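Next come the structures, one after another.
Look for chain A in each of the two complexes below; its partner is chain B in the first and chain C in the second.
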Partner chain A sequence: MPKCTINGKEVEVKEGSSIIEAMQVSGDRIAHYCWHPGLSVAGVCRLCVVEIEGNPRVQIACNTMVTEGMKINNTSEKVKDTVKWGLDFHLINHPLDCPICDQAGECGLQDQYMEYGKYDPEMAEAKVKKHKVVDLGPTVVLDSERCILCSRCVRFTEEVSKTNELGLFNRGDRTEIGTHDGMPLDNNYSLNTVDICPVGALTSKDFRFRQRVWYLKDGDSVCNGCSTGCNIKVYYNKEGLFRIKPVYNEKVNGHWMCDSGRNAYKFVNREARLLKGVARGVEMAPGAAAKNANEVLKNTAGDAIALVLTAQYTLEEYEAIIKTFVEEFKTKKVFFWINNKETFDSFDGLLSRGDKNPNTKGLLKVMEKHGITATWNDLSAGLANGSIKTVVVAGPENQVVFPEYAERLKELSKAQNLIWMQSGKNEALSALTGNVWIIPMKTFVEKDGTFINYSGLEQKIKKVTTVVSEALTLTEAALLLAGKNLAMPMTAPFMPTNQRPDQVELEHRKKNEFVFRRGSL
Partner chain B sequence: MSETKVLTEFYHLPEYQTLAGYKAKGGYETLPKALKMQPQAIIDEVKASGLRGRGGAGFPTGMKWGFLPKNGEPRYLLCNADEGEPGTFKDRMMMERAPHQLIEGMIISAFAVGSHKGYIYVRGEYVFPIECLNKAIKEAYDAGLLGKNILGSGFDFDLDVYRGAGAYICGEETGMISSLEGLKGQPKLKPPFPAVQGYLRKPTIVNNVETLAAVTYIVKDGAQTYRKHGTEKSAGTKLFSVSGNVAKPGNYEVPLGYPLLDLINKECGGMKPGRKLKAIIPGGSSAPVLTAEECAKANLDYESLAGLGTMLGSGAVIVMDDSQCMVDMLGVLTHFYAHESCGQCTPCREGTGWLNKILHSILEGRGRLQDIDLLVKVADNMKGKTICALSDAAALPVLSFVTKFRDEFEFYVREGRSKVKGTTYAEMHH
Partner chain C sequence: MSVMQNNSEKSKWYLPGVLGGLSVTMKHMVTNLLNRKKMMTLNYPEEKYDYSPRFKGNHVLTVKKDGSLRCTACMLCATNCPAECIKIVAAEHNDPAVEKFPIAYEIDILRCVFCGFCEEACPVDAIRLGPEWQTPAVNGGQFIYDINHLAYRPNLKGGIQTHVDDEERHKQGI
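Showing the complex of A and B:
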């Protein structure tokens, strides 16, 4: 483990570390654009310069390895001047369209210019004009003028997604990124290029112009899009969720996540959600609907009750509901509704897995703990011969990954009584009549709990925000279904805990409806 | 005339292009001798000769070969025949007139470094040299001089010509390797150096046409004979491509250390009638310019020119007489480098374009006096700040032109026309 001195402090680093990595260890700040810990070293932005004792020229920190006894500094006037000029070189052809740029507020160029920049620009010549609003593919838009040609996106498609759609074209200050031979940037990881773009050159069609980033809050969670369980940051405000980005976790997802996972925010938002509970055709509060369903459950014999679970809930919720059914209702007719069975074990080699549930292992663990051995055939047979009369379903949060949803709904609605718990709207479900109870559920960003991913890794999720405050968790629903009452912590008795005093309800908000409704570009 | 002809003795003979003509003058006589030597002995001989790379960097050739790993991994020998810098045309003549001389030098060099595959990377515009090389390579294959078991020695070596798509930076060795690999011609970060990880990530030696051709002479007559030419630190002879306002532009082979003005006056017939020497760029357009006074003190070797703040480079001597407008000349050079920057490193990509724009603002009568200092500041901040030397190549002429001929730049800004020609840019060029 070589020791070096960085800005006067002695630092010990791993063998083979570059200076920029050593500076991450020492906590020293250093300007950089093209370096990204998840990509190869390009050494082209020339901002991460340092002085090394004994070397007359400044060196780039990303491609210089630390050696024993090396003395490094990046605070000298020589380094500062080089970085200032480096930033000016970056800016001479960069448009000053920050007020309309989607990256404003989280732009590396803005941030680094504020910290290291040269405040006396000398460029008096006309800027090079490049292409605007280039449609790179279904998810990403390029504003070439803003691009600082750090090549992170190009390296991402070469090294991570291995799809090679992007390249650098032309020479000199006419250089632009683009797609090879008109090939669209169309892969399940394309939006990572937007994440790693340090400026506003690559923007997400989905997020573009929806919100200024400083109007968003964020919270950490775990993606529920598949059994990998990528660590994510959810961006939201009082209007709902707007985007999801990956958070680095070396053991799970590294720096990346797939595009499909990023769509999870869409089924969390209020527009896609069930808001009211239903009990035999009568609308009521979700909790009231669950309590109402207790009547039918307590009047049904245990062996005539079945519980159907999808693997989209937390470990704690499974524990609560299975325990309730086994101990209160005396039934072990608990069934695992497996979606995409034929592709369950597939894997794209990077992150995305065929099992599109975040907690299959968690569900199986709790079922095993309670000695559940029932199979779907038992359920089908019970429904066919009428021995199963009441079915309670914890339906999927992400209905898109349950392509046989309608078929299953039809099968399960053969039961005399159907109690269906779910977070999202579904036309076929809402159209059911008779002895049907519909109970709106909370989503993964609205509760605490644990997911166990494909490898058996337990990951805690914390509540990020509340979108539908009346919706229930599966734990709460289990209590109500068992006829018990919820013990709610009431810190502000007249105001739901998720609301701020200045909160504007969706239906009362005043906003630019045109921007809100026009959808993706 | 003081020309010392080590490489170019038979260039005037048309038949020297052919295998028979080359053999008639002793060609391929060194190869059997070399193939009987130990490869290390050849490397040692090249080291002892003091041969330095003739492509521009002047790095000792034997030392470069010594950087190859000793593990017997496959390695490549690449001949850099891209020759893209303005004023440089020496390799072209060798490829056209003495292709077998290059091929023999490459076989011997490949044997020395343990390579069984070589490429000659030629700039795409060099159509005729490519034809000459291909013809000569075919003759060599037919004669058993290339391919399997060369001259029964058990040594195999295959050689191909690769036609580049045309970019200045493909003359830089890592840029050339990228291009040869089918990628955009962009230099790569060093380390790793090509000798450790080059073409297809295998150890690779890249040498210039003239360097490889000189190896034959060194092996044939010995290092000490080669050392008789040139100076202690700059051994041997060198080809100089002389262009510009001289009576007889062309390629000249002289020993290193030869006085610059002797090259102009004795070999090239002096300046054009009635004109006076104003300045010379001694080593290709990327080298800092010398004033006429400085030229009088300059010898054509690495050390003498370095002592004057310039460099020998590729040996492209660009001569300017008193009718030359230095602002206009620098405008041409900055335009070239802005056009050729590969676009990878920010200071070069943006800096070359910026320099070019400032120069053209001045040339078109829109210049400001502070632009002259700005040129210096921009160039200063491009120098030594990028992966390859293109940024330096663009910056160095700017710094030297502005410093040494500042009065012409100031006049141009004030008057909106050339001090030398008395005309505007538009009048000069239309």
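Showing the complex of A and C:
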């Protein structure tokens, strides 16, 4: 464990770590573009320069290892001047596209310029013109004029996705990023290149021009796309959710996430959601519809009630609803609706798993706890011979990963009474008539809870925002289906003093809706 | 607040003052009757007063030489607007040289405070506060100026061009 001194502070770092990693440990700021903790060291941007005592020249921090007793400094005039000139070279051919560029607001160049630059440009030459709006593949658009050739994306396709689509072509100031001949950037991890691009050269087709980033707030969550359970940030404002980006978690996803997981925000947005509950063809509020469904559940014998669950809800919700059915309705007919059975155990070797549910382990755990052994064949048989009269379904949130949805809906609608709970719209579901109850549910960004991923790791999620305020969580629905009322959680007497228990401190207030990221321009 | 009271003998002679004032009125009446062209007042709807060109009145979206909008939908005006009255929806343009353009640009003129911050924030001289100052409308909906009104209303005669030109800039290599 070598010890070194960074800007006068003594830091102890791991054996074999570079100076830039040591600076991450000590919390010192350093300019850098090409270095990324998840990729190999390229050392092409020449911005992370530091001065080392006893060394006459400045060195790059990303490719210099820390040795015992090293004295490092990146606040001297010499370093600042070097960074400034380095930045000037980066900006020679960089166009002033900020009004059009999607990266404006979270752009490395803007940040570095404000911190280390702020000079009068001394270049009189015309800028080198390169290609604009290059279609790299189904998800990514390239603007090679904005590219500063840090090669992060090239290294990503070489080292992480191992698909090798991207390369650096030509020489000197005519160098451009591009795809190899006839090889579009088309893999399930392509959008990570957009995340790691420090400038706006690579932009996501999905997010492009839809929203300026400073209008978006973010919240941490866990991806709902598959059983890996990648840690994510969802970006949203009052119009809805706009994108998902990965958050570093060494145990789960590292720095990355897959493209299909990034689509998980789409089924959360209002236009894709069920807004009103339906009870026997009459539209009503979701809570009222659930209460209405209690009538029929009350009047059905325990043996004739079945509960079908998909693995897309939280652990707490399963606990609540299974407990309700086992104890209130005296039925152990709880069934696990498994989507795409054949590919359930497949794995692409990086992150994406065939089990497209975030909480399969959680559901199995709760079912095991309550001693439930029913299989889908029991349900089919029961529906065929009419012994199961009332079916309650907690349907999928993410319907895209349930290809056999329509068939299952047809099968389940054979029951006398069908109580269907789900968050997203579905035409086939809304078209059902007769004794059908449809209860809108909340999605994973609208509730607290726990997901257990494929390896058994429990991850807590917190409510990020509310999209459909009337929708119910499965816990609330379980209460209402059992004929009880929703209780407001009241932990303390109302306002005992003038101080709220969750008093917002100034640091948190910066995330307030009205001031968040506004005025930073 | 102190009040000055003039209690002198002279102040009791009010009639000379009244007659003096009346004579000014009569003088104007006679000159207006005899020489109507020198009249100081305007018959408002027919006759209008022109403010200086620097006056900050109704917004104008400027156009390029080919008549298309200059706005790149960067939203800086909307971000800078203290009244939050600007709403923009951006979209991808077919022409790769343009890339981004607004498909909707709305100003809620009842919220607008005519501060000119939008003009100042605009990096491409796409929005200006013009010299027009009349904002009458019959109902609330007409107070929301849409993209067509802002850029191509009849009295702009096909749109206002800016001195900033992209093509010229590109030729110079800027």
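By definition in this document, the second predicted complex is superposed on the first by the 485 of 521 C-alpha atoms of A that agree within 3 Å, B and C clash if a C-alpha of one lies under 4 Å from a C-alpha of the other, contacts with A are read in each partner's own complex, and residues count from 1 in each chain.
Everything below uses one rule, namely that contacts are C-beta pairs under 8 Å (C-beta built on N, C-alpha and C of every residue); 3 or more make two chains touch, one makes a residue touch a chain.
These numbers were taken from a predicted model, which means no experiment stands behind them.
**Q** Judging by the criteria at the top, classify the pair chain B and chain C on chain A as clash or fit.
**A** fit
**Q** Is A:85 touching the first partner chain B, the second partner chain C, both, or neither of them?
**A** Only chain B is touched by A:85; chain C is not.
**Q** Should A:167 be classified as contacting the first partner (chain B), the second (chain C), both, or neither?
**A** first
**Q** With both complexes superposed on chain A, which partner does A:175 reach: first (chain B), second (chain C), both or neither?
**A** In the superposition, A:175 touches chain B alone.
**Q** Applying the touch criterion given at the start, work out whether A:340 contacts chain B, chain C, both or neither, answering first, second, both or neither.
**A** neither
**Q** With the two complexes superposed on chain A, say which partner A:122 touches: chain B (first), chain C (second), both, or neither.
**A** In the superposition, A:122 touches chain B alone.
**Q** Looking at chain A, does chain C or chain B touch more of its residues?
**A** Result: the larger residue contact count on chain A belongs to B.
**Q** Which partner chains sit in contact with A:100 here, chain B, chain C, both or neither? Use first/second/both/neither.
**A** second
**Q** Let me test your reading of the model: by the given contact rule, A:212 touches which partner, first (chain B), second (chain C), both or neither?
**A** second
**Q** Would you check which partner chain A:380 touches, where first means chain B only, second means chain C only, and both and neither mean what they say?
**A** neither
**Q** Minimum C-alpha distance between chain B and chain C after superposition, to be given in whole Å.
**A** So the smallest C-alpha to C-alpha spacing between these two chains is 12 Å.
**Q** If I apply the document's touch criterion, which positions on chain A are contacted by chain B in one structure and by chain C in the other?
**A** Touching chain B in the first complex and chain C in the second, residues 125-126 of chain A appear in both lists.
**Q** Under the definition above, what is the set of chain A residues touching chain B in their complex?
**A** For chain A paired with chain B, touching residues are 41-47, 49, 57-58, 63, 81-82, 85-86, 89-90, 92-93, 122-126, 128, 148-149, 151, 167-168, 170-175.
**Q** Flag every residue of chain B that touches chain A in the complex, lowest number first.
**A** 167, 184, 186, 189, 338-347, 349-354, 357-358, 361, 368, 371, 374, 377, 381, 384-387
**Q** Under the stated contact criterion, what part of chain A meets chain C in this complex?
**A** These residues of chain A touch chain C: 98-100, 104, 125-127, 129, 132-133, 208-210, 212, 214-215, 518, 521.
**Q** Enumerate the contact residues on chain C facing chain A in the complex.
**A** 72-76, 79-80, 90-92, 96-97, 99-100, 123-124, 170, 172-174
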